[in-house]
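I'd like to ask some things about the structure below.
Naming follows writing order (A, B, C, D and E), and every chain is counted from residue 1.
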Amino acid sequence: MANKKKQIVLGIADTTFSRVDMFKFVQDEVKNFEKKFFSIGMSVANSNSMKKSGLPVRIVRYTVPGIKDLPVACKILLDKRKCGIAIALGMVGGAEIDERCAHEANIGIQFAQLMSNKHIIGVFVHWNEAKNEADFYSICENRTRKHTQNALLLASGQSLSKFAGMGKRQGREDEGRISK
Amino acid sequence: MANKKKQIVLGIADTTFSRVDMFKFVQDEVKNFEKKFFSIGMSVANSNSMKKSGLPVRIVRYTVPGIKDLPVACKILLDKRKCGIAIALGMVGGAEIDERCAHEANIGIQFAQLMSNKHIIGVFVHWNEAKNEADFYSICENRTRKHTQNALLLASGQSLSKFAGMGKRQGREDEGRISK
Amino acid sequence: MANKKKQIVLGIADTTFSRVDMFKFVQDEVKNFEKKFFSIGMSVANSNSMKKSGLPVRIVRYTVPGIKDLPVACKILLDKRKCGIAIALGMVGGAEIDERCAHEANIGIQFAQLMSNKHIIGVFVHWNEAKNEADFYSICENRTRKHTQNALLLASGQSLSKFAGMGKRQGREDEGRISK
Amino acid sequence: MANKKKQIVLGIADTTFSRVDMFKFVQDEVKNFEKKFFSIGMSVANSNSMKKSGLPVRIVRYTVPGIKDLPVACKILLDKRKCGIAIALGMVGGAEIDERCAHEANIGIQFAQLMSNKHIIGVFVHWNEAKNEADFYSICENRTRKHTQNALLLASGQSLSKFAGMGKRQGREDEGRISK
Amino acid sequence: MANKKKQIVLGIADTTFSRVDMFKFVQDEVKNFEKKFFSIGMSVANSNSMKKSGLPVRIVRYTVPGIKDLPVACKILLDKRKCGIAIALGMVGGAEIDERCAHEANIGIQFAQLMSNKHIIGVFVHWNEAKNEADFYSICENRTRKHTQNALLLASGQSLSKFAGMGKRQGREDEGRISK
């Protein structure tokens, strides 16, 4: 169960490179989380209002140009902006060079986490995994929503162990558990 | 021989992405280890009960979404949860992007170990190394069991040198030693 | 809005390897930035004159042989030369080995940022992405100008969030936002 | 010439995965080194006896499951077991995944060295570089022996500069120097 | 202009693996540098004599087995041997595994620089970039000479900015600047 005493400070880093505004899905899931766990009906669409009203989740947003700028942005959120967890929202372009950029960004995210001893949930959507623009949008929404839920559970101290080994997927359908 | 005076604190990080519950094999091997080395017949299936009863092995479990979240989870187990060793349990999906994720996670695990000066035994099972779901399950079980044994030996201060150069394998049959 | 009280110290690392003088585009964009945000009409073409005159942006330039020398050059600018942000200007040659060098430099830039908790905006132009010398020159100019603008916005504390998810590109035309 | 006043503490990390006992070649070369440089005829085949007798070289052995466990094992030897240098003995299997493991282990070995400011001499033998089991055994022996000699020279403060640019090889024949 | 008050301490790490003695080109360029900038006619061919005579450049040489041993050797030169800059001289063999070793060494060199905040100029010559042994020797000489000049300029505090964007190359002919 969520720790009611301590506000969750959720860092969100996103990019101007992405062709989808993934941040709005985060906001929506935070609103759902707050409704579900705290039965609060008031609007939490704006992070400034949340901060002022002392709601259980405070979002700190940091926008950077591209995915290679996300690791240090997340580390600044964790180290200097008091975030307990961060989400890195990024789109990976369709060229080979874009995939290499994603690899470099992912290495950076690994180190940023180890240096801060906090989680950075990577939500990268690759252009090449989508059939078309609509499909790309849909993967962005699904993956961002599910990983925002994961981040909020981790940040609120709730165990994910009841979902371990269940074949959970973000961006597509769950694959389910294989039993003997 | 195992150090009877000091409790082994074994960190286990696993994922919701995995399609097999690999944690249960860890629990079973810990039970076997305790029976063999301490002749204790009582049930140790539950980590909470172990903690309370002061058994020689205490398991601390930490479940995260996917394999890229495992390195920092293990580092938190080693740095903040008093674990002497950690095991990272993960499934690697069948797409090329999954193999790259595994590479990034493995780099992260390398650094997490070097920063904490403790072992993280990686138990990654790749979808592509299995013939079918049953084979995948079987590799998961075999590799998790054998590496749990390795982790318990290392954590209890027992030397693995008597097995050095023996062609030991986890997830499949041992290959054996080549002599001149 | 830009913080008028604090001078922006902008570190620029460039190379002798590059076939285009990318630094002059930085200088020009700094001049534009100063005109736009501070309505200063005087010439700021020379970084020395800027330093002396106490203008809002001070450029510290550091030239190194090639792209693999850029990460530590940027880190020295950030750690020892009081820069709040750095830009790494580099050309990537057309051979396979050049692409690997770029990968190694990019990994270095990731770590340099995480160690200093400051941004290094990478402006790498790959020979292979251009059709000919004129096109290469044009990409260099476009990418350097746009990323200098990004760096100045980040350094002056202005949020890029109004451009998030807009499909911004540097070196070519923006791709625009995908809406549901 | 070797420093006679200070005992060399040589850390050896090896694996249960390897199909050849590479450690015995280290022991033999240490014996040769001691004979050659100190004219000691007594048996030094056993590291425990060496430790007790105060011989010029003390071996500290640490066996781990596989090559990805070697970097932190070496770092522990260097940081906590007073070793001045370490040798990482490992076999790389014949599958593509094994080569990636070797790459990850090598990255880890790089960092372990930089964090401790001491050398870790990597002795990895790849299954794919051998024609058959006998050839594999032979490469293991040759490479381990020659690199043990290198490690002992480095650890004893003797310069390798007289061999610089000579085309030395470990595991196969030297290639020799190219002169103008 | 060179700082006449402070001696340049130039660290040179080279290997026994290389088939060319690249160090002698460094020595020759140091001699040229001293002649040109300080008008000193005496022989500086030997690093020991330079050290004793208090000449403006002191060379500290450190020979290791192969390129993967260079990063920590350079870091030791920078951290413990008072070098202000280091040059890593290495030959990369012609097999695929050699290219991977070079990649690992280059990653290590990146980190060594960032940890010490000093430059390590990498002078790696790949067997595969040469047509034959004579060509390999020639690339070794050209690249080592030019990068020694770069290192001496950087170490003496002289700006390379007058050469920025000039398409400078080491090991082959300069490519020159592209202007609009």
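Heads up, the rule we're going with is that a residue touches a chain if its C-beta (ideal position, glycine included) is under 8 Å from a C-beta of that chain, and two chains touch if they have at least 3 such contacts.
Small disclaimer: the values here were computed from a predicted structure and weren't measured.
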Between chain B and chain D, how many steps is the shortest route if every step has to go to a touching chain? 1
Length of the shortest touching-chain route, chain A through to chain D: 2
Residue numbers at the chain C-chain E interface: does the shared fraction exceed half, giving same, or fall under half, giving different? different
Quick one: chain A and chain E, Cα centre-to-centre, how many Å? 45
State, to the nearest whole Å, the distance from the C-alpha centre of chain A to the C-alpha centre of chain C. 28
Touching two or more other chains - residue numbers and ranges from chain D: 107, 111
So what shape is it, when you link every pair of chains that touch: line, ring, star, complete or other? ring
Each chain touches its two neighbours in the ring; listed from chain C on toward chain E, they are C, E, D, B, A
Give the list of chain A residues in touch with chain C in this complex. 14-23, 61, 63-65, 68-69, 71-73, 75-76, 79-80, 97, 100-101, 104-105, 107-108, 111-112, 115, 133-134, 136-137
Chain C-facing residues of chain E, complex: 103, 106-107, 109-111, 113-114, 117-122, 126, 129, 147, 150, 154, 159-161, 163-170, 175-180
